[in-house]
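In what follows, subunit A forms one complex with subunit B and a second complex with subunit C.
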Partner chain A sequence: MAVSNHHGSSPAGDGLSELLPGEHSYRSLGERIGSIVLNQNKHRWPWYVVFFIAFALLQVMMLSITWLLWRGVGIWGINIPVAWGFDIINFVWWIGIGHAGTLISAILLLLRQQWRNSINRFAEAMTLFAVACAGLFPLLHTGRPWLAYWMLPYPNVLAMWPQFRSPLLWDVFAVSTYATVSALFWFVGLIPDLGSLRDRARSPILKGIFGVLAMGWRGSAQHWARYETAYLTLAGLSTPLVLSVHTIVSFDFAVSIVPGWHTTIFPPYFVAGAVYAGFAMVLTLAIPVRKWYGLEDLITMKHMDWMAKIMLATGLVVFYGYICEAFYAFYSGNKFEIYMMTNRMFGPYAWSYWALIFCNGVVPQFLWFPQVRYNLFWLFVISQVVSVGMWLERFVIIVVSLHRDYLPANWGMYYPTIWDWGLYLGTIGQFTFLMFGFIRVLPMINIFEMKDLWHRIIHRGHGRVAHAGDGRHGGAMAPGTVQPLGSPAADVEG
Partner chain B sequence: MTLLQFAQAYLFGWVFWMTLTLGCVGLTLLYHAVRGSWALPILRILEAGNKLLPVMFLAQIPILILLFTPTGHELYHWLPPVTDPVLQQKTFYLNPPFYVARQVIYFAIWWSLMSVLNRSAARQDVSQDPREAQLRANVAAPGIVAFVLTITFAYTDWVMSLDPHWFSTIFSSWFLVGAGLMTLAFATMIVTWRAWRMQQQPWVDILRNNPGFMRDMGNLMLAFTMLWAYFSLSQFLIIWSGNLPEETSYYLRRTEGVWLLLGAALIGLQFLVPFLCLLSGRTKRTPGYLFGVALLIFVMRVVDIFWTVVPFFEEPSYPLCIAGFLAFGALWLTLFAQNQRNATVLPTHDPRLQEALESGATSHA
Partner chain C sequence: MERVAESPIYGLVAEFSDPESLLQAAERTREAGYRRIDAYSPFPVHGLAEAIGFKDNWLPWIIFLAGVTGTIAGFALQIYALAIDYPHNVGGRPLISWPAFVPVSFETTILLASFGAVIGMLGLNGLPRPHHPIFNTPRFELASQDRFFLCIEATDPLFDIERTEQFLESLGPDAVSIVER
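Entry: the complex of A and B
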């Protein structure tokens, strides 16, 4: 690589230049990413087409919600015995998708994984918007969302107190904490870039808006030191959230005694499934966006390869979960467990089980081959299949377990109505609408972290700087304490 | 002392040391698959452990023979004659010939994986051919899949079927996490002891020049400690809330009398204390501290597996169980030490050895 030839006093192969190939400068990096926000002419027809479709779907969501509030949850397909239908399926699906963002921003930061740098902003935004979609479903499923505050333990005259032994209540806390911490993490990470945009913007209105949002950021050494502490603290707080949120979601099912729900492997298998679905969504968004905005050297094939590998690993854990469920159902010798499994495989919803095995068990195995991981078309296709598969997984777990339980007299079928589909597709619209709105108004790639990465590529092996970088590997952390007043920091003006 | 009690003690001792062997197998696979430099200094330790697979298989043969004797039925109630209707349903899986066949398959898979990897690593010591590392990664990645699957069935056979009415889908993965934890603690103890108390080379240099090594081992133990707690709590909470008699029997037996104390000790000493110690950077910088934490973890692994396996037994002799553990331990450790003597201390020609030994050194230049 050109860079390592010029500056390579340390042997090549630290992999850094693979993450940011080609020739750059601090200024060019700032321009490239910042201009997507500041130069509105950069947005071409794909942006308008996607945004328009998303906006149309968002209206479908609005319509579905309005009708739902007017008529009540009876317009949905839920019934007895399947009292949880699309509402919970979609809640779990969306909440899971958000997890990749938290994993990338928090865990990969603590693990000092350099490759997270160019995708973390994007993935964190995805987390926020996915949680926004997820939150709608249980809220609307209550039937009277204006009374949702009853779920909070506050002193009241109704003699009401939430049931603390129910994981549904834990969900209220887990999800709201998750949304809060994710939003904070995302915003704190944005501050230096908002400062950069403020300085770069020409229009006084934009300067004003970014100026307020940047909260007086000047890029001083003290600011960077504070920033680092805040960011690391938030990363530490977010790490358990990656596990806790989906663990509690799995408890929603596992603490009951419904066959197909009550199984001890659920917590780790749900968490793995969440990360798996989340990376599928990151790939779904990143593959077209990097092409439309010419970001191939910032989000490289190396990034794609890493994400595909994580998807493969977590997909294997999920498939292992399916194998355990099936094996122990028969091993248990319990006739309800055995019936549940036979019903999944050969009952009226057998199509969904085998489609699930195809999507989550068979298709991801292609990711073993580097040729597939480095082929964007197939990677995109596999991501779609995985998203469908993870949706089917929740369908199988929820609907197929509920529709035939202990008492044959209670058995029934579940058919979603047009309003179930309307709300589901509507949230996809909302998510895409928010994502594409975000791309247009905020820098989708972390500008200063890319500058920092560039800094470390060109200063590799220069004793003091290498030490500073090495001590704190965590890409986000570098500008600040040890280096003299901000290589990337002072460079904010560009 | 009856034959049954002897068999119980034998089985407990075997399961414990087999778990350590499998921990060595699992970490060897993981290391070769991800090709990180963190485990390079302990690779020979892991290999010395995984090379005991054939011995452990031979040691299992008496248990397999026992399956065909009347005492076998007292140990594993699913053995014929089966009168219980629930157990009759399970004979498709739990029957002596299939059980024995499965053991052969497990060991064949584990041993073939290990011999390919160990031989390739040894070959690379001589040839210095970097392609060997890629070969090992290609074997080890799918190897992990096979390993996890076989482990799942293996612990179902060895331990879960001791109470054939009881089942828990997380049980085998819980054992797997515990195996990883105890192997990391075991390797950490060896390295820190040799460097810190015995001042042996090259361990002194490794610890001095590469502070990242102790930090990595400490962080890995921390991660596995948390995973262990997470898996344990998940299993407990789900079974407790379901409150179904066929499942709660497991915890009822383990909360009677002294068992309850042992269980409480596990929460404190297998999780809380190591967790808090390993959070601190100081523990991960000081060989003596790290040795202490690793020792605590290892001892608690013994307690934990005792607490898990022994209550399955009917009227066991506790001193005999401890004797079984010690006897197997003496055998295992002797053979382990012999394997260590017969190999180089470090994988000398792995191209990343320099990286592992000196990454700290260059960054502090």
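Entry: the complex of A and C
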């Protein structure tokens, strides 16, 4: 985005036209993406089916939360020794899923990967909604969420401050900062597109809503210059932020002395695992959505291929983490560490460990084959397996480490209740509900970045100055013939 | 200047069909000596800000200062809370155990710098601003779709309605319009 790349000198530049195949124009790109919002008739039965199921699960979440607030955390399966059950598993799982959004929007932007343009908006929304789901769990796990503000530093009558030396408090700051910055980044990316929708909307109400949200964006070159500085800086700020968030989440474990938690490999392998799980979720959502909305030429198989490759690479890092964990446990010579590892592999929860190795160690290896990466069915299946695998990883780390630590007298088993499952499935409903709501009210692909990409494609190798007579300039229209917006060709709002 | 400011005319706007023509026109306008010019495009066109002679380095400084404020505020908060207002001994650690204060200070740095970036960008751009005279340009709703506009504002010292219009016509635009406030 920052440097024009007309001659295709970078590796990404060579395959630019693969990212946006076919004939487009600036107008058609805006219409394709914008009409999903402006023309509500575009939403067919799959949207309604998914939205309905998600809404039903959302009610399960509401019910689970209501009953929890009424009766207290005793309705969950948590108890000593496993006091961190599903709630912390799900917290880490969701926050990890969110991380792929930031990776796509920030890190790939800094690395000038043009292919991020068609998936970044979508992935950023995923980040926001995943963080919203994640935040619920520790909040409810406190037992009295109405006192959650006690975690914040404010002058109070108790004359008490939060414990700033605790990773749990670092988590409060990390996750709330992450949620705020992700929302800012997402909103800044939306401003020009909201302006575009404002100019395309025909109903005065929609025009008004998009007009207010666009804040009077007019596409001035001066504004664009500052906009790009701000956007790039936000990407630069989000990159260390996203690494810090999952590092701090891993500190929740690594700073303690529980066998299986107290290891230095946690921060890097948690971050890799987060990206791995996040890409699985992006694929899970992108594969059906691009088909239902006919976006196959905007989110191409090349995108799928690259996402699968990132999943494979981060999956290998995660698997390396598992190997290191096992190695260090035995190499330490510490009998509690050694017992922790043998208990993981052969104890009462051995099934979860071997299922984890199968999901995160074995299954992703199929992604080495291009035939698998280019097969949407298998890619979708593998993404599901990876999501399950990453959930199991947190189960193994949390439950299996806690249930047998130092004193055999304190050993116990963990049995989740229906309310644990209800809240977990409920947040999946909430996430899907928010995602599908978002698809309907905001452009799910960044319109101006796609226009910019198209501009690069049609001018690659042409130099900076336009060639007269190149029919592709300015899109499919001949110069001078201006089609007003809202001509019969344009879409109808429903 | 007084007289110009009261003029009902905001400027003259030329419309182009592709970013290259706009960029070339902007460069020629600047060469012709016009200074109060602006260009409008549906996506960022690289080199356009330089072509209209726009240079502004405030934003990085705002972000930097906001970030530094965040770092200082983060450390100050923790030192005040744990060493001054309510000093208590945790496992024999020093009261100002600064390595443990790094994560929170890091997060406050990022938080304030990000707000600095967003609020600074909007503030310097004069947004939110629901209405602006440039919106009076015919077909300006296409500036967010696929048309490219160049405006010479009436406050420019060289602005002369007839000569400027002739000049803009010489750049080969699809249309030139007089835009009122």
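Methods note: the second predicted complex is superposed on the first by the 451 of 494 C-alpha atoms of A that agree within 3 Å, B and C clash if a C-alpha of one lies under 4 Å from a C-alpha of the other, contacts with A are read in each partner's own complex, and residues count from 1 in each chain.
Everything below uses one rule, namely that contacts are C-beta pairs under 8 Å (C-beta built on N, C-alpha and C of every residue); 3 or more make two chains touch, one makes a residue touch a chain.
Owing to the predicted nature of the structure, the values given are computational and were not obtained by experimental measurement.
**Q** Kindly classify A:T180 by the partners it touches after superposition: subunit B alone (first), subunit C alone (second), both, or neither?
**A** The second partner, subunit C, only.
**Q** Considering only touches as defined above, state whether A:H459 meets subunit B (first), subunit C (second), both or neither.
**A** second
**Q** Regarding the shared-chain residue A:P153, is it in contact with subunit B (first), subunit C (second), both, or neither?
**A** A:P153 contacts subunit C only, not subunit B.
**Q** Name the contact category of A:P408: first (subunit B only), second (subunit C only), both, or neither.
**A** A:P408: touches no partner chain.
**Q** For A:L243, select first, second, both or neither according to whether it touches subunit B, subunit C, the two together, or no partner.
**A** In the superposition, A:L243 contacts subunit B only.
**Q** Please indicate which partner A:P204 is in contact with in the superposed arrangement: first for subunit B, second for subunit C, both, or neither.
**A** After superposing on A, A:P204 lies clear of both subunit B and subunit C.
**Q** Subunit B or subunit C: which reaches more residues on subunit A?
**A** C
**Q** Jot down the residues of subunit A that show up as touching in both complexes, subunit B in one and subunit C in the other.
**A** 165, 251, 466
**Q** Can you list the subunit B residues touching subunit A in their complex?
**A** 86-87, 89-90, 92-93, 141-142, 145, 148-149, 152-153, 156, 165, 167-171, 173, 230-231, 234-235, 237-239, 241-244, 246, 362-365
**Q** Considering the complex alone, what residue numbers of subunit A touch subunit B?
**A** 10, 165, 243, 247, 251, 254-257, 262-268, 316, 320, 323-325, 327-328, 330-334, 338, 368, 463, 466-467, 470-471
**Q** Which residues, counting only subunit C, touch subunit A once they are in their complex?
**A** These residues of subunit C touch subunit A: 17-21, 23-24, 26, 38-49, 51-52, 54, 56, 59-60, 63, 77-78, 81-82, 85-86, 90, 93, 97, 100-101, 103-104, 106-108, 110-111, 113-115, 117-118, 120-122, 124-125, 127-132, 134-135, 139, 141-147, 174.
**Q** Enumerate the contact residues on subunit A facing subunit C in the complex.
**A** That would be residues 1, 3-4, 25-27, 30, 153, 159-165, 167, 169-170, 173-174, 177, 180-181, 184-185, 187-188, 192, 195-196, 198-200, 211-212, 215-230, 233-234, 237-238, 240-241, 244, 248, 251, 448-449, 451-452, 455, 459, 464-466, 473-475, 477, 479-480, 482, 484-485 of subunit A.
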